[in-house]
Structures are given as structure tokens and as C-alpha cells.
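First chain A sits with chain B, and in the next complex the same chain sits with chain C.
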Partner chain A sequence: MTVVEDATDLLSPRARRRRLLRKRLARRPFALLGFAVAAIFILAAIFAPWVAPYSASATDFNAVLAKPSWDHLLGTDELGRDILSRIIWGARASIQAGVLATCLAMAIGVPIGLVAGYYRGWIDPVISRVTDVVLAFPFLILAVGLAAIMGPSLLNATIALGVGAAPGFVRVARGETLALREEDYVRAAIANGAGDGTIIFRHIVPNMTSTLLVQATVTIPAAIIGEAVLSFLGLGVQPPTPSWGVMLADAQSYLSQAPRLAVYPGLAIFFCALAFNLLGDGLRDALDPRTTR
Partner chain B sequence: MADTLLDVRDLSVRFETDDGTTQAVDELSFTLAEGEVLGVVGESGCGKSVTMLSLLRLLPPTAEVSGSARFGGIDLLAASSAQLKRIRGREISFVFQEPMTSLNPSFTVGRQVAEVLQRHLGYSRKAAGARAVELLDLVRIPAPESRVDEYPHQLSGGMRQRVMIAIALACDPKILIADEPTTALDVTIQAGILDLMRDIRDRLGTAIVLITHNLGVVADIADRVIVMYAGRKAEEAPVHELYEHPQHPYTIGLLGAIPRRGVDRLQEIPGLVPRLSEPLPYCAFAERCPRADRRSRSEVPQLREVRPAHLVACFHPGSE
Partner chain C sequence: MGGFLLRKVGAALVVIVLASMLVFLGVRALPGDPALALGGEQRDPEVLAQIRHDYGLDQPLPVQYVHWMGHVLRGDLGTDQRKLSVSHTIVTKLPITLELAGLAIVFGSALGILAGVIAAVRRGKASDYAATTVALAGLSVPHFWLGLLMIVLFAVDLHWLPAGGYVPFAQDPLGNLEHMVMPAIVLGAGLSAVVMRQMRSAMLDSLNADYVRTARAKGLSERSVVGKHALRNSLITVTTIIGLQLGALISGAVITEQIFGIAGFGRLTIDAVQQRDYALIQGVVLVVAVGYVVVNLLVDIAYSLLNPRIRIVARPS
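== the complex of A and B ==
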């Protein structure tokens, strides 16, 4: 018998795969950084009531527009509310909008793209032209328009962002389907008696996950920024519920006096979007079965 | 003689494309007996792959297929798509030329073997997984218990082709159609795959159709050989008969192109296979044939039996 060179040989295949993924991620420092920062934002959003030093709406009129201090690490706003606490609570709206809008966009866009790319025929040009028309509107303009029609609330803003981002997924899913259905293994599966369902769900969808992941990593930060914009414009989260966009809007009147009111939520938006982008890039490389590192 | 398994009559395939029509197969008839290994030989573009793909209607919708193909009481060319789905991979299965890209990169090879078992034979996931190990062992993949959990990119070309054969054999089909199964592989690996196919025929009694452009491969394994040229059958004979007494000048040309010891220069056949937009009203090989005369250029030679079980479509047959 040969000597077992690597302890991973003794593990079950599933454990081995998980270990491989972890190893590949570990070789990508920026991906790890992105993961860490995104995790901080997600945890902050989930555990906001326990993490935030103050309530998001607690006012302290003795410390209005206070500079950063040990009492208020990032200072206070015009009503004496703790900015750090409001950023932590605001992460809820951003993460929720970013993740849910992306899921919604995927749920709408991927099936439509699959149908267009797989069945072709008359349905493909119809879907493609409609997608082109929708894509002709800039993403934010479209989301603003939809949110305005549905009325201001976080849920409506999320739906508007999800619908606005769906055409991107239609296009990606259609293109991938067109390419994948010509693959030799799809032809081989058809020759072995596979039906449309098997072809689509076992041979096409699994092989486009990394491409969809890339699209999702572009969409999550765009939706996070989109939520901030909608809330800034008063179409998303309604005051007094905290949101980074609402904070930016409130900070406008105090820009010369206390620019930090705008800087801190701005930085939160920036780092959150960047973290998800870095994480997505790293995941894409690590999940690709053809990558060897 | 064993019973006839597949009886193809007057098969014609035309492609209607924007660039015009192409006559890929012209009134081809052949049979396949149970447990027989049939070699189909010809140059690229002579219609051998198209013939086999058309039997299971695997051609793109631009193909127009006519004729009949009796298999187990039904005509494959007239069968419903539900009937065809039950036959594909279960009664008649395919092995393709490209082992490197014919497996789905997202699943382990074990799951891909198991998929066919679950679909056609109603195996549970667990039973299919266990059977997949046996099948990989059958196609002589070493250490099949651990190989089932590997992904296609972890396997070599020869191993992947063995996996493709395992998938094709999973449901114990009556016919295995192998389209250039060894062309993309190293010579040493080729021999192993051919050896495996011969073994499968002997042990499982599967009839095999082997499509190839290499007469050497056919000599190794086939019982009977069909030589195709420009969508028509040029010659058909038992394998030893064909090698010892080739009749058609095209077959003689192909045999001259096999590397042999003591022969310095390989003989080539001048010219190319013609691309046909419609059936030629004369012998398709005439332009490249040293024996062609006026008759060859004005009339289609019909198949006739010149020696026992030896058919040839030529006005001037003969071994030399």
C-alpha cells in the first residue's frame, strides 16, 4: 500500500470539496477581506438591537451635532441621535434591499432567460426585444420610476430594484443557455434520452451558476446603492426609520457645518458595496471547477 | 445467423440551409444483427455520422430524413418523441468522439452514470450510485469506488471515454453506436478502448456500430464493414473478405493509406469527397477513380454481389 500523503484523502468527498473551497478562498486575500467586511455588515444588520450603543431614534438634545467622543464614537446628528447606531440600524435596510432585490431579480430573470435561450423559436426575439427596451432605461431611473408608481416604502423599493435588475439576469441566462445547449455533454445527454427538464436543470443551470454569481455580485452592490438613492429621494425607507440614504438626505442641510453627517453614511455605502464586490470576485474564481489554484 | 436487430431501408438525409441544400445520405440500406460489430468507414463528410444520428433523430431541425429504420417492431424514423426518449440511452446508446467535453463538468462521474439509471430504470439514488461503481469497474476503471466521486476534469481522456462507455452501457442497450470513439485518444489508449468494446460484445452481447475513418481500427474489432462514399454505400463485406479481396477502387485506396511496415510512402487518394446539393446521376467516385470510364460518368452503379456476402457498387470491381 502507498503511504497516505495528505490527510484530505481520508475525508468524505463532501468534506474534501468544502476544504478545497476554503483553501482556494484562503489564497485570495481580497476575497477574504471582502468576506470579513460583508460579514460585519450582515451581522451588524441582524444583531443591531444588541450591537448598537443607542437606539436609532433616541435623541439627546444636550449633544446636538456633537463631535466624535467616547460617548458617541462617530458623533451625533442635528437631533442628537448617535450616528454609529444609526449606521448599524441602517445596515438592515441596505442589506435587505441588496440581497432580496438580487434574489427577486434572479427569480424573475433566470427562468425567462432560460426559456428564451432553450426554446428559441418565436419566444426568443420577443423576450430579447422586451429586455432590450427595459435595459435602455438606466437602472436607477427605472427603479425610481417603479418606486414612485408603487409608493414609498422599503418593500416597494426592494421590488422596484429587483424588477429593475431582472433584465440583466435575463440577458446573462439567455446567453449562457444558448452557449451551453450546444455543448457536447448536452448533445450526449439528449442522445442518452434526457428530456428538457433534465437538460435544463442538470446540464444547463448548474453550469451557469458561476456566471449568475458574477451577475449577482454586480447586482447586490448596485441594489445597495439603489436603496440609498431611493431613500435619499424619499421613495424608500421613511424617516424616522434609519437608512444610509435617509441619513445622507438629512445631512444635506448641515454639509458646511458638520460634513461628517454625510461622510460616515457615505463611507458605509462605499465599504459595503466594495465588500460584496470583492467577495463575489473571489467566490467566482474559487467555485469555477476549471480553476486549478 | 443471428436475428436482425436493426433494418435500415432507403435512408436519405438532406439539409436545407440558407446556403442551399446538401445531400448527406442517399438511399442507404443496411442491417445490423444481434451481437454483431459493424464497422462504418469513410472519409470525413461521407455521411457516416449523419446516418447514425438520423436514426435517433438527433440531427438539427434543418435535416430532412426519409426512409425507414425498423427496430424492435417500430420505425425509428416515424416514432414519437416520447418513444424515442425511451429508446435513446436505453435500447440504443451513443458514444461520441470528444471524451474531453462530453461529460458535464458540474457533477461527479458517478452521478452522471447514475443519472441514466435513475431515468431509464427507475433506480433509487442510492442503488444507482452503487451500480455506477460496478459499471465503472466493468469498463476497467481502476479503483472505481473512489473514481465515482471525481469530477470529469480530474480524469484523463481515456478514462473519460471509459466513463462515456459506462454511461452508454448502463441500461444494457441492444445497440451501442460509437462515433469515432478513439480518434481523440493516444494510440496506446485507443487499443485499450477497442479491447474494452470487444470484451463488451463478448460478455454482454451488445451489437456495436463503430464509425471510423480508420480501416485499421475496423480490422481489429468488426465482423462486417460498410464503406461509405458521398452518402452512398460503396462496398460491404465481412471484415476478412474485405481486407483480402477489396473490390471497390475507393476501398483499395483506403487500404493503401494504412501505414504498414516495409511500405515507404502511403498512397493517397487524389481529390476530396464532393459536397452534393442533390444526388449525383453517376458514380460519385468517378472524378477520383483510376478505373472510371464513360459509363461511370453517366450512370449510378447499383450494389451487386460479386463474391459471397460481398456487395460492391462499381462497374469495374476487382482486387487489383
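== the complex of A and C ==
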């Protein structure tokens, strides 16, 4: 009779991997810090109406370009609008673009990568060439094209960012599928006569989720910065809707008078992107089989 | 090697043709009748029909594409709204952006390679943590914001450098460098962060490889082991990374030129969209796509020359 020494032995391989990931992640304080800060930004974006001290468009003409005070913790802009409130409201556009663009990129890239890696044959080089074609258009050029066709808006900027990030997911999903297809349990499923759908959705997709999660955590900060760039250029969020990129574009005219107008929204982008990057780095290290702790 | 080159060039040509079709169709998807735009004040149906006939707009799309490509292959990208040659405008603006991108690559790679080597050699020490943290911060900083902060500090406060503009190198070499130093740092900062992380990782792999152990066992100095053996092999990886970063560099040039008021190719791209100048948009996007594919092809070839194993791996089974 065998004695079960550890409850871990009773868990399925997937549950064991998840537990190991949590354990490794808990040993990475920077990744946890990144997670906490990213969560704060997401919560601030969701609960902006309750968290922000003022409305994003509330103007106070008696306090134009006011310095930080108890009434306005980060001061006010050229129209007397509270900078802190606009940063909190602006988080909505950034988080929305970051998360939605990543979801779109996954929705486009993962199925294509799965098909290329699973079926191989003629479809694989065709998909590779099409991916190369998309890569030949940098995201800003794609966004410029979309803005020209459909007009500038947050939605079109998000679509451009999502399409631009899709090749990354195609490559990751293809690579993972190629590797997972050779695993014993997949070969066993094929030998048992399982259909393509069963193999893909029950055996391959669940086993690539952690890798896709890492790719998502590095795509989100890139998309957040991308949204800020597009809004700064007038190709994304349109004023007076608050966005960190729009705030930076407005601040350009007041650089010598009130440089803080440019400092705070930039810091918001920086800390938000850094938080997701720290989380992504931590996840990647925790998932790396070469990592020993 | 011949077969490898042919396959690579063939694949690049396919991508260029597909990209050109996408550009062509994209511009046809733009709202508005091009004949109206070309006709200016003219609204007479007969005149508009004549314009459509003259420009081949009444032909089926495949015929229009072949006609357009015929002109493109002869270096004619059409005329813009101001009746200026698009090819000429691009040829005038491109060198400015190429200079900016070149300086950014030099700055970004030099800093990234140096920091990556130091971090790998001093793994686990304070300098490694410092370099890794700065690189992660470099990936998270919006570079156009860095540009704004640099303008505030070096142009507005300290008056050390001009806030923007461009002076041709041939006209005033020193003035040219003064104007380009901030934009090049801003554009190169992101590249340096990516290069640093890749360089550190590649150097760590090289330093643990058998040939480095053999070099150490032979009694070579650490300087020689790092500089001659590990560094040389790690540089191969970095070459590819710089090629892959080209897209980010082009996007970065667009915004950098906007901030620093440089009238280069990036600024031209934004102006083309803002003025809804379709011929210019078509030309600019095509040049970017072809440039991207050609540079990546050159990087692939350079990589295979530096690392012969790639040619063998790339051969289809």
C-alpha cells in the first residue's frame, strides 16, 4: 500500500502546474507588485465616476493652470480641469484599448496559429506569408490607414492595435501547437480516434493558455502605449474625451509654462505599462522550465 | 546557399506583391470619389467622366492594379493634391528619416549591447539588477513623453539644445547633430531596452556554452573569452532583433518627427492622412511596406552568412 505524502500527488497534471505557477509567482515580489498596480489602474478605470474627485470635463476658470493644492491634488489644466480626475477618467481609454486590442489580437491570431501548427502542409507557409504581409505594415501605419478609411476614433485605434499585435499571437500559437502536437497524450488521443476538434480544444488549447497569458501581458502595455501615441497624434480618442495621449498633446503648448501638464499623464502611462511588464516578466520566469525556484 | 537565397528572395517578392495589393485595395476603400478630388471645383459629369477615363478609374480593379504597378515599377507613384510628384516628395523626405533612424540604431544598439554584456558578465550583482530594471523601464516609457521631458529640460530650462527643427548635414554638420541628438536618443531608447534584454540573454547562453568553457580551460583571459568568443556569437542574435524592431522604429519615427518638428518621412505620413491625400498615402504606405520587407530580407541573409546552421535548418524537409 502506498502512502500519499503530499496532497499535490492527488492533483491532475494541469492543477499541479497551476499550483506550481502560483507558488513560483508568490516568490516574485516585483511580479506581485506589478499585478497590484495593474489591478489598481483597472479598478480606477472601472470605478472612475466614484473615485475621481471631479468630472473629467468640469472646468474651474478661477483655477486655470493652478498648481497642486488640497482642492486639486495634481493641479489643473489650461481650462481649469482637475488633472487627477482626467488621469483617472483617462485610464478608461488606455485600459480599454490595451485589453480589447489584446483580446482582438488573440481572437485573430490564436485560431490562425492553431490551424497553421496543427494541419501544417500547404496552409502553414501560406499563413506565414500572410503574417509577414501584416508585419510589413507597422501598427502606426495600419492605424493611419484605418483612420483614413474609417475616421479617427478609439475603436478604430483599438482595431489597428489589435490587428498589429495579431502576428505575435499567430507565431506563439503556431509554435506551441507544433510542440504540443508531438506530446504523448496528443498522440494517444489521435491513436484513440479522437477528432481534430477534440484534440485542439481539449488537449492543445488548455495546455497553451499559460504561454498565451504571458504574450497577453506583454501585448497589453504595448497597446496602452500605442493608444497614447495614436491619441497624441489625433488618430485615437477625440477631445474633449479624456485620454492620457490627448492630455499630453494638449500639454505640448504649455511646456514652458506648466510642464507638470506633461509630467503626470506620462507618469500614468509609464506606471501602468511598467505594472503589466513586471507581471509579464514574472509570469514568463515562473513558467520557464529552466527556472529552479 | 543559392537555393536558400532564391527561397528567401521569392518569399519576400510574394510578400511585396501581396502588400502592394493590400495598399491598392485599401486606398480604393477610402471614402469619396477620387475623380471629384482630382477635379477640384469641377462638378460637370462629362469632365468627371473624362478624368475617370484619363486616370483609368473606369477600368476593372485588376486592370487598374496592373496599370498602377507598371507605373510603380518605373518609379512613378503618381501626383499628390498639389500636383507634385509623390516619388519626388518621398525621395526628398526619406533621407531625413533615414538619418534619424540610423542615429537611433547606432545609439540604441551601442547602449543596449554594452548594458547587456555588463549585465550578463556581472549576473546577479548590483549592475545586473540596475541594467535590467532600466531596460524594463525603457520598455514601459512612452518615448514621445520622454521627448517632451527632454525638450523641457534641455531646450526650455537649460537652453543646451534646440527644441526642434532640422538642419541638413551638408549645410551645417554641427547644427545638424545638435538638432538630431534628442530625437535620436528618444527613438533609440526603446531599441536599446530590447537589445539589452536580448543581449543579456544571448550572452548568458554563450557564457554557459561548451566552447566558452573550452576557451577558459585553454587559459584565455576573461577579456578574450568574453570579447572574442561569447560576444561575437551573441551579436548574431542581436542583428535579427534590430531587423525585427524596424517596424517599431518606423512607427517611432512618425511620432518623434511630430514632436521635434522634423519635416521627414514620418511627418509626411501624418500630413498625408490629415489632408486626405490618397496618392500620397498610397505611396508612403507602399514605401514603408517594401522597405520593411527588403530590410528583413537583408537581415535574414546577413544572419545566414553569420550563422551557417540557419541555412541547413531553413532547408525544407
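Simple rule for what comes next: the second predicted complex is superposed on the first by the 250 of 293 C-alpha atoms of A that agree within 3 Å, B and C clash if a C-alpha of one lies under 4 Å from a C-alpha of the other, contacts with A are read in each partner's own complex, and residues count from 1 in each chain.
As a working rule, contacts are C-beta pairs under 8 Å (C-beta built on N, C-alpha and C of every residue); 3 or more make two chains touch, one makes a residue touch a chain.
If you're wondering where the values come from, they're calculated on a predicted model, not measured in any experiment.
Visitor: Please tell me, clash or fit, for chain B and chain C sharing chain A in the overlay.
Guide: fit
Visitor: Between chain B (first) and chain C (second), which does A:D124 come into contact with in this model arrangement: first, second, both, or neither?
Guide: Neither partner.
Visitor: May I ask you to decide whether A:A147 touches chain B, chain C, both, or neither, giving the answer as first, second, both or neither?
Guide: The answer is second: A:A147 touches chain C but not chain B.
Visitor: What's your read, chain B or chain C touching more residues of chain A?
Guide: More residues of chain A are touched by C.
Visitor: Under the stated touch criterion, which partner chain does A:A273 make contact with: chain B (first), chain C (second), both, or neither?
Guide: second
Visitor: Once chain A of both complexes is superposed, is A:E78 in touch with chain B (first), chain C (second), both, or neither?
Guide: neither
Visitor: Return first, second, both or neither, reflecting whether A:R202 touches chain B, chain C, both chains, or no partner chain.
Guide: After superposition on chain A, A:R202 lies in contact with chain B alone.
Visitor: Check whether A:D285 is in contact with chain B, with chain C, with both or with neither, and answer first, second, both or neither.
Guide: Neither partner.
Visitor: Can you give the closest approach of chain B to chain C, taken over C-alpha atoms and in whole Å, for the superposition?
Guide: Value for chain B versus chain C, nearest C-alpha atoms: 7 Å.
Visitor: Any idea which chain A residues touch chain B in the complex?
Guide: Checking each residue of chain A against chain B gives 13, 183-185, 187-195, 198, 202-203, 206-207, 209, 289-290.
Visitor: For chain B, which residues count as touching chain A in their complex?
Guide: My answer: residues 56, 58, 85-90, 93-94, 96, 98, 101-108, 115-116, 119-120, 149, 151, 153, 164, 167-168.
Visitor: Under the definition above, what is the set of chain C residues touching chain A in their complex?
Guide: The touching residues are 11, 14-16, 18-19, 22, 26, 29-31, 136-137, 139-142, 144-145, 148-149, 151-152, 156, 247-248, 250-251, 254-255, 258-259, 269-270, 273-274, 276, 281, 285, 288-290, 292-293.
Visitor: Which residues of chain A touch chain C in the complex?
Guide: Going by the criterion above, the answer is residues 129-130, 132-133, 135-141, 144-145, 147-149, 221, 225, 228-229, 232-235, 248, 251-252, 255-256, 259, 262-263, 265-266, 269-271, 273-274, 277-278, 281.
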